[in-house]
Structure formats: C-alpha cells, structure tokens
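Okay, got some structures for you below.
Next, two complexes with chain A in common: one pairs it with chain B, the other with chain C.
Moving on to the complex of A and B:
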C-alpha cells in the first residue's frame, strides 16, 4: 500500500462514500469483466448464423428457444452473444479515444495556461474555432477523408474532442498559476517542464480524471452512431451500433432486438456519467468546501 | 444595558461529542461605551457577533446562558423580532469592505436599499446619504455615491459601510476587525471616525480585534479571549497598564515597541489549538502554553476572580504570575553595516505598460510600480522596506528575485551583474538569493509533504540526489527552523499557520542562501506566533550572517528586526537610512505621518491624532 497524502486519502474516502461513484464504477467494472470473459460468457459465436431460427423472441415470450436467451436477429445470430461481444468494441473505443483526447487536450491546456500570452491566445482561438463545427458533421467529414474503420473512429474522436479537455483544464491551470507555489518553484530553480509536470499536473489531475470519465461515455455514443451509419467496424462485426442498424429493418416484427443494444449503450453511458458526476463532486475542492 | 451576556456558551456538535467554542462569557455593554473583544484567530471572538446576527456556522449553537439586547432576548426571541432589530437598531461593520459591497451596484443604489429597509422615504434619501457620507469625512459624497465599489479604495469603502451602519442611529454597532484589511494610516482615520460617530450618537460599539494595543486605545472595556474562554476582563487602561493573566501579558509583550530600548520578544511555545483540540484542554485552557503553570492549573478550571474593582482574571489564586523577566536587549550595532556587500541594485525601476485593446491602442496610462532606486544589502544586514499597499514594495521583491524584468537599472550579486539572464547568472541568483512568500497557504504545494517541500530545490539539480541525502537535509532544516522532526511526513493542511511559515522559511534556507527576501511574512500570523518567527530570523542572522530584505507595513516589526530601512510611497523612495535614525528623526512628511498613524504603546498619548490625512 503506497502512503497517501491526507488530501488524497480524504478524496478517496469521499469517492467511496459517494453512491454515484460506487454505482458507476461498479457497472464499469462489470462491463470490463464481461468484455474480457466474452468467449466464455457468450453461448454462441456472435457471427454464427442459424437461418432456420431467425427472429426468435427472448426467453420470457412464447416460442422462445432456451439456447438463445435474448432471441436471434434476421440472420439467426444470437443477440445475447452479440451484445456481449459488442461490449469489447464499446470499451476499446471508449478507453483509447478518451485517453487520446485527454493526452492532446491536457498537454495543450497546460502549455497554454503556463506560458500565457501569444501561445495561450493561439491555442485558445484554435479551440474556439474547433468547437464551432458541429461535432457529428465534423466526424463524418473526417471519416470520409480517413476511410471507415474502428481505429479511424478513435482518431476522429481524439481530433474532435481534445478541445473539451483543453478548455476545462486550461481554466484550472490558470487558477493554479495564481498560487505562490508556482513562482516559488521558479525561484528554487525548477525548469518550465519541471514546473508543468511536478507542480501543475498534480493540481489538475482530479479534474482530468473527471473529464476523462465523461468523455468515455461520449466516445461510446459516437462509436455507436458511426457503426450505425457503417463508418466504424465492418458490418459483420458485433457492435451495438451495427446491431441497431441491422434490427431496424425488422423493427415491426421484433421491436425488442432494437431495444437490447440501445439498453446496452444507455447502461454504459449512464455508468460513465454517474462516475464522472460523482468524481466531480468528490474531487472538486470548491464543492467540497461549500458542503463543509 | 445595550448588550448583556450572561454565561453565554456556544458549542459545536460534532461526531466526537460537544465542544464548547465559547464558554461562560459574561459582559455588559452600556450606551456610548466601547467593548473590545481581543484574541487570536480561532479564539471565538467573532462568535458573539454571529450569535447576535443568528449567523452561527452549521452545527454551532448556543447551549447555555443568555444574551439580551436592550431587554430583547436575542437567543430565544422570534426571527421577526430580531430581523426588525438588525440593520436598524443593531448594525455591523465587516472586516473586508470590498467583498461586503455588491460590485454590480453603485454606492447610491446599495445605500438606498438600506435606507428603504429602515423606512426612510425616497424623497429624503439623497440628502440623508450625502450627510452620512460627509459625517465619515468623504470629501466628495456625490462622486462616491455614483461610483461602484471597485472604483473606490478599501478605506473609502469601509467609510461608506460605516456611514451605512450609523445612519439609522443604532443602539449597537458590531465591528469585526474593521481595520485589519486596511493600511496603517487608513486605520487611524477609520478608528477616529467610528469613535466620533459612536460618541455623537451615544452608540454602544462592540469592537472585535486581534490587536491588543489598538483595542487599548479604542475601547473603554476589554475582554481577552483565549480558546473560547474569557481570561481577563476589565477597563482598557487596567488591562493594558497592568495585565494580570499570563496570556494577556504574553500578548502585550509579543508586540515590539515603537520607542525605547529593544528587548528580545518573549514568545509563547506552540500556538493556540484549533477548535477540535479544545476538548483535550483540561483545567485551564491556557495551561499547556503558560510559562508559569503548575500542577494546580491542570486540575480544575480556574474561575474568574476580581483582582481590583472591575478587573477580573481567570487564573488560579495561588499563581504569582512571576513578574516578567528582563529580556536581553537587542542592539542593531554599527558593525551590521560593515559586512561585505551581497546585493547592489542601482537605478532599478519597473514600469508596467498599459493594456492594449484589440485595435492595439493603449488603454489608460501605465504604472510606474517602482521608480529608479538604489539598494545595497550587506552580509548580516537586515533592511526593512516599509510602505502601504500600492507603494511598489512587492514589485521590488519580484524584481530582485528575477520574477519581473526591470525596466531600467541593474542588479549585482557579489559584484557580478545579474541583469542579463543566462545560465551562470541564474545559478548565481539561485545559490545566493532566496525568497519567502507572504502566504504560506498559497506558497506551499498542498500535495507535497514537508520533507519534499523543504528540500524541493534539490529536485532542480541536474545531479541526482539520493533519498537519504534529502531526508538528512530536511531534518537539518527542520531543526534549524525550530520544527519537530516528526513533521517530516506531514502535509501543509496538517500544520498550523506558524509551522507553515517555518516550513516556508526552511525551504528558502535549503540552498544556504546569503540573502533572503521576505515579503510580509508575518502579517498573516497571530502576534504570539509572529514573535516566534521574528526571533527565528534574528537567530538565523546571528548564526549564519544572513542578509535580509524585509518587506512590511508594520513599523514596530521593522524596528525590531532591521538595522536600516527604506520608506516607499507610490513606487518612490521617500526616506532611507539607519532604522534608529529614521525613527528618532524622520525627515519626510510622509514618514512622519506614518509614525503618527501607528497606535503607540503609551496610553496617555492622544491617538488617533486629529490630522492623519495622507491622501
């Protein structure tokens, strides 16, 4: 067990005491376990087609086949298995895209906030212009340019959403810059990069974690949209967006096959947002002080 | 009686049970009188004002005793009754004038709102406001009324708030540290105005302050609080002239004097515990810090007893208090000025360009923060720089530290010019010159432990330092600054104000600098802790022949520490010379006015003086 500073310990205890954080983190851990254990949990191969038993209803309805607990789609593929494998794509995109956006956004935010002046002006105006584009349109344009594919989706999310990190974290850096321990570090001979890494970064880390969690939820939605329009994974890969697109044609015969992937997206995004919201409340010094 | 308290007890209900943050407080405040509540931060002196305004913090409540205002029960009376009294019969003067006024409204609008509430007809309001502002000696009331708070100085805002407090001719005014945020000369004016209004209208004034000397001049009666208990109560003259309680004595002795021989300040050990520590104080709450405590003091809570008519002391009757021991005399000897020159600045100045608007045009004039000045500091010499806010003294510190680039002039260290910035001059500056910041709360990264903080400079070396070397250095520094080695693994949030400031100083000492720059490093501390820090600096001087540039607004502290001093005003040096010479024979009118504005230790001299206008 590493020794925690009392500040970190108190923050950790506030996190544990927050129902939002516990519920959100619990759901996410569950999703990660499902994604890792997918080959063992899924009753069928997600691509395996059983054309003799298409559009089977879920287990609680008449004519259900117990081998397919949530029924089958138009090609007779097991919906439960596809949902389970879809978790892998969702979490893969959420993790990589959000981390990438965080990396780009945080670096630029700290550089802008620390050096100020012209550098800050340039980065801030770039963020302003970037944010003026409608994000989904920008994503589609980017994907048309880059070509389809799940890694391209990740790249697109990074290129679009770094601004969210940049803007939020820059303002926190500016607050930190007003504290005397920054000039004190300069007087003690710290180089610019030392001050940014050792003094400023730790001060903005709680905020980075919070924004990261919310960004993961957003990445899940964006990936679902992109695979829905066929810009992400190939159409035979099990992803939640693909499942919605497939089930859309037979929505009137079996409405539940659309509901399941939507519910999966809903649950995942809810988990990330709960976690993000809870972390914000637990880690934001100003909120903590106000509540005594 | 206007305000009468009987055995008033305020408690904090916490997880660990009930803690009395104010215990058994009784006093009488008659019309036209001034009662001073004196104590260090956390002593509970603001609680009484909060009881009156029913503004106690969460989980705090009155658990015992009574408080009556002109026969009305303030504690149990209805909210409506109290709301009718507040703002009309009872009014308040806050500590921070700038935050107490709404920046989005003009003075006239805010004043008008207040007059609406106390039922003055709109037609009469303007005349009333002008008169009230004239009463607080604001020269141009019409201009003040049409201004926004941020267009006025702190002193002017405080005068506006005093005018508002007195306009309803209240029976009671509660002033919580009304001058603490203001400059010395402004303080004198504000005190004078409040005294005048209070006497004219026969108003009772509850004057809350940490400054015993100021209270002695302002108040008729004084209540000295320590850790939520009244330790001494009586007429101001008796308390200041013949303090009985060891704590009151220590408070009085901890303030360096403005005249007479300088003796080493006696300082109490440690500091007053925070509220959470009150319940651990058995017996006399001052016992653990008392220089003359004995076994009897641990056993029972001493009762207030009358030593002379009207003068009450909470101390065991057996206590002889031990007459104060004669402290060694400090002399700023001439040889302070004979060490080798460490720092020499000549023609140093700083001009801040005005901001430009988006067309590139300059908006308004720039600011000459520091006009060309010379400065020379020798080894073992303490140079005091005195000035009020806006005098450029902090900019000077930043110039010397290289945090700002000088507009003109040059700085040399050990005879080598460091005006040009290159790796050699940077290293020289780092090795020779260090700075202690004003507010340790802000200057210490809360995420670093004490060990990491005091040896922070070692991280910047290119050469790797072993963790053991760091630990040993940190222990040395803690010992040198009088801190217990147990604090090595603590974090700033776990330290008291005095301990934080010591860590702040220890960090600057890590490179064994030959010259320290200290910017108002004791202004945020309680007097007893201030004395500890001042003595620490004197010890460092004796031990290390260290030089110091000590920036302060407090004349008595500068006199105590420094062998030479510089008086600054509006960025200009108005007077410069050996401290004793400047004090005994000030030349410049501004220096004279500054001296006149500081409350003297001698109660017989008239203070505040009639004319202290510096503006």
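Moving on to the complex of A and C:
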C-alpha cells in the first residue's frame, strides 16, 4: 500500500462520502463481476440457437418459457445470456479504449502545456483539426480505412478521443505551470521529464481520473453504435449494439427485446457518468483549496 | 457592431481554410488505408479484367496517392465532388438532395432542444429545493446516459409501434407527391405551395427524429442554465428587485435570465456542432434521406468519393456553426465588444 499524503487521503475520503461515486463505482463493480462470471451466470450459450422457440417473451408474460428468463430473439437465442456476455465486450472496449485515449491525450497535453511555444502550437492545431469532425463521422471514416472489428473500434476511439483529454488537461497544466513549485523544481536541478512526471502529472491526476470515467461511458456508446451498424464485432457475437440491431427488425412482434440491451447500455453509461460526476465534485474541492 | 461581426467572420473563414485543407488530406489518407477494393465491390459479376481496369482508370485509382489527392482537390475547388462508385451518379447531385433534408432536421431538432433545455433549466431553478427539482435533475441524468440513437429507437418503439402516434420512416407519407419547383427544404416547399397536408406530413415525420436529437442536447443546457441562474441569485440587482417587491417570476425572466444566458449560449453553439454528429445514426434509424444516411450507405459500400465529400461537408457545417456562434456571442456580450474596440 502506498502511503497517501494527508491531502490525498482527504480527497479519498470525500470521494467515499459522495453518493454518486459510491453508486457509480458499485454499479461498475457489479458489471465487472457479471462480465467475469458470465459463463457461470448465463443460463445458455449466447450463440446457441433454438429454432423451435424463437421470439419467446420475458418471464412475466404469458407463453414464457422459464428456461429463457428474458425470452429469445429471432434465432431462438437466450436474450439474458447474450446480455450477460455483452457486458464483456462493453467493458473490454471501455477499459482499453479509454485508457489508450487517456495515455495519448495526457502525454500530448503535458508536453504541450509544459514546453509551450511551437510544440504547443502544433498540438493545439491538431486538436482544432480533430474538433472540426463530428466524432461519429471520424469514427466511421477510420473504420472504413482500418477495416471493421472490435479492436479497430478501440483503436478508432483512441485516435479520436485523445483530444478530449488533451484539451482539458492542457489547460490544467497551464494553470499548474503558474504555481511557484515548478520554477522551484527547475532551480533545484530537476530535469524536464522529472518535473513533468513528478510535479505536473500528480497535479492533474484528479482531472485525468474524472475524464477517464466519462470517457469509458463514451467508449461504451461508440462500441454500441459501431456494432449496431456492423463495423465492430462479427454479427453473431453477443454485443449490445448487435442485439439492438437484431431486435429492431422484430419490434412489432416482440417490442421488449430491444429494450433490454438499451437498458444495459443505459446502466453502464449511467454508472460511468455518476462516477465521473461524483469524482469531479469531490475532487474539485481539492482544486478550490489548493488555489485558495 | 456589424463591422466587428463581419471582421470576425472573415477571420474565421481564413482560419477555416487551412483546417479544411488538413481535414480533407486526413480523410483522403485514412480512406486510402482501406484494405478492400471499392471497384471490385461494385463491378457486376460477369465483368472482365478489361472492364475492371477501365473503371479503375475512370475513377483515377491508377495514379499515385498525392496525384489522386491533388486531382480531387482541384476538382473540388470547381464544385466537382467526382462520381459515386456505388450509386453511379455525381456526388454533388447526391449531396444537394441530402443536405437540405439534414439542415431541416437539425434546425427543427435544435430549436426543440433549446426550448426543452431553457424551459427545463428555468423550471429546475424555479422549483429549487422542492421535489420537482429532484425529478427534473433525475431526468437530465437519464437523458444523458442514453445516446441519441437509442432515444431514436425508444421513441419509435413507444410513439411509433406501441402507441402509433407518429410515422417513423422517411420524410413524407408515400402517397403524397412533392410540389414542383422544390428547394429541397420540404417545409419551405410545402408552405410555398400552400399544401397543408404536405406540411403536416413533413412535420409529423420530423417529430421523432428531431425529438431524439433534441434530447441529445437538452439535459446539458438545463444543467448549465440552472447553475448560472443560481449564481445570479446572490447578485445585488436580484436583491434590489426583490426589495422593490418584484414577483419571483419577473425577477427570473427580467433580471436573472438575461445575465445567466451567456454560458448557456456558448454551450448551445458547441452542442449545435455535436448535433450534426447525432444525425448520422438518427437519420439511418428513421430512413431519413439526409447526409447521415448517405454517409452510412457510402461506408457500407466503400464508396470513397461519397465518404470524402460528406465528411468534408460535415466539417464545413461544424466550422460554420462555430463561427456563427462566435458572432452571436459577440453580439450579446457587451464586454467582448468593448475589448474588440480597444484592440
């Protein structure tokens, strides 16, 4: 266990006291457990087709089959099992894509903010160019160029959303640069990389964590969009976007089967949003204290 | 004032040129990474190698990358977007049909979103401390956790399928015909030709997609407006007004709102840009024949000339919106105007 400074400890306690953080983190832990335990939790194989029992309704409706608690889709696949396995794809993309975007965005933001001048100009103009695209449009173009697939979706999200980290963190780095301890560190003979890693990075870490949480929710949405239009996983894989695309064609016969995957996306995004929102409020207090 | 606004617009236009050049080069480059061969996908099954080569040459795909880019750019400057590989028609023709549809939808959705956002923000402020605020606050959380394209599907499910109130396919009922002399903006066309059946049909078809887009921008507007209103409440002019015995509603409308509107306004601009992104999926889901639908079709068929052109149009729209918002911001924020004069 790393020893926390008193200030970090106070921030940590404020986070634990925030109902948003607790609710969001609790939901996320629950989703992670579902994803890990999917083979044991799911009553059926998510790909298994039972063509004799297609479009079964969920358990509370008449004609339901208790073996399929949330009913079946057009190919007789168990909706509950597919939902459970879909959690794996969603969290896999959320974790990898958001971390990748964070890494690229943060490095560029700190480099831009710390060195300023031409480097800053170049990075900021790149952000301007990226911001001219609606993100969905850029994502589609990238997936045409890179080819479809879930790992390509992750790469596309990293290549698009690094700007979200870069913009926000760069301005925070600029604020940090005005504080006395940066020149002090220079006078003490710290190297550039030492200052960036040991002085600036810790100062912007609370912000990074907040943006990371929000970005994970966005990554879940982008993956759902891309698997909905058929640019992410193979069309038989149990991903929520694929399920929505499938269920959309049978909305008249079984209206509820489209609601379940939407509810799953809603819960996941809600969890990341609550966590991000709670962290922002809890950690902002630290900013106020430091500046005041 | 008008001079300042013009100055700003010209400055923004100059800044937009290098951005658009970079954007176009970027799009061109990314699309050339494509592992699939768009020509091979579009030739009929019985085609010979000679047919294939001829098509390749006719689309200029036999030349080097920089050459292809410069040729494309040169034609672009003459208003020629090239030909669609999949639709076998000029890209310009496809875009000139799709663009008005998207603009119409975005304007409608944008107005709806702003109305909901402002009404909700004011409502949240007026109900502060009561359970009504909690309900509205909770609703913003829900709205934000569901992206536009899922709202689109939910709206179709509830207001199209379960309770069939609104149509949800296309722009117009299939039994209605378009008036001649069409501008492409169906609302304008219908109004000009005094066809009220047409007008109602167009509005009904736009209702759900526009609402889905509106829900995408409304919750953030509600929250930002509420918090800016909460900040004004401690200002002296509000206390003064209250001491004069002005009613609470009047204080909000006359004093708090105009002062709180600025942050909301700049947010509205940013959101307006985002809304174009939202249209891509929403249009596809409603089979609404706009740019987004065209984009999805082009992406699925690897129709590179169409993808390039539509992407560029989207970027122009986003940059245009940003410039317009800056001008409006300048118009309503007296502090910026003074700064501009001093400089």
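The rule we apply is simple: the second predicted complex is superposed on the first by the 282 of 292 C-alpha atoms of A that agree within 3 Å, B and C clash if a C-alpha of one lies under 4 Å from a C-alpha of the other, contacts with A are read in each partner's own complex, and residues count from 1 in each chain.
Going forward, contacts are C-beta pairs under 8 Å (C-beta built on N, C-alpha and C of every residue); 3 or more make two chains touch, one makes a residue touch a chain.
Predicted model, so just to flag it, every value in this text is computed and none were measured.
Taken together in the superposed arrangement on chain A, chain B and chain C fit without clashing. If you stand at the C-alpha centre of chain A, chain B and chain C are 90 degrees apart, rounded to the nearest 10. One of chain B and chain C touches more residues of chain A, and that partner is C.
In the superposition on chain A, A:12 contacts neither chain B nor chain C.
After overlaying the two complexes on the shared chain, residue contacts for A:248 are found with chain C alone; chain B is out of touch. Using the contact criterion defined above for the overlaid structures, shared-chain residue A:185 touches chain B, although it does not reach chain C. Touch criterion not met for A:121: it reaches neither chain B nor chain C. Think of it this way: put the two complexes on top of each other by chain A, and the tightest Cα contact between chain B and chain C is 6 Å. The interface of chain A with chain B does not overlap its interface with chain C at any residue.
Chain B meets chain A in the complex at residues 58, 398, 401-403, 426-427, 430, 434-435, 437-439, 442-447, 449, 456-457, 459-461, 489, 491, 493-494, 507, 511.
Those residues of chain A that touch chain B in the shared complex are 3, 5-8, 179-181, 183-191, 194, 198-199, 202-203, 292. Those residues of chain A that touch chain C in the shared complex are 128-129, 131-138, 140-147, 217, 221, 224-225, 228-231, 244, 248, 251-252, 255, 258-259, 262, 265-266, 269-270, 273-274. Partner chain A is touched in their complex by these residues of chain C: 19-20, 22-23, 26-27, 30-36, 141-142, 144-147, 149-150, 153-154, 156-157, 161-162, 273-274, 276-278, 280-281, 284-285, 295-296, 299-300, 302, 307, 310-311, 314-315, 318-319.
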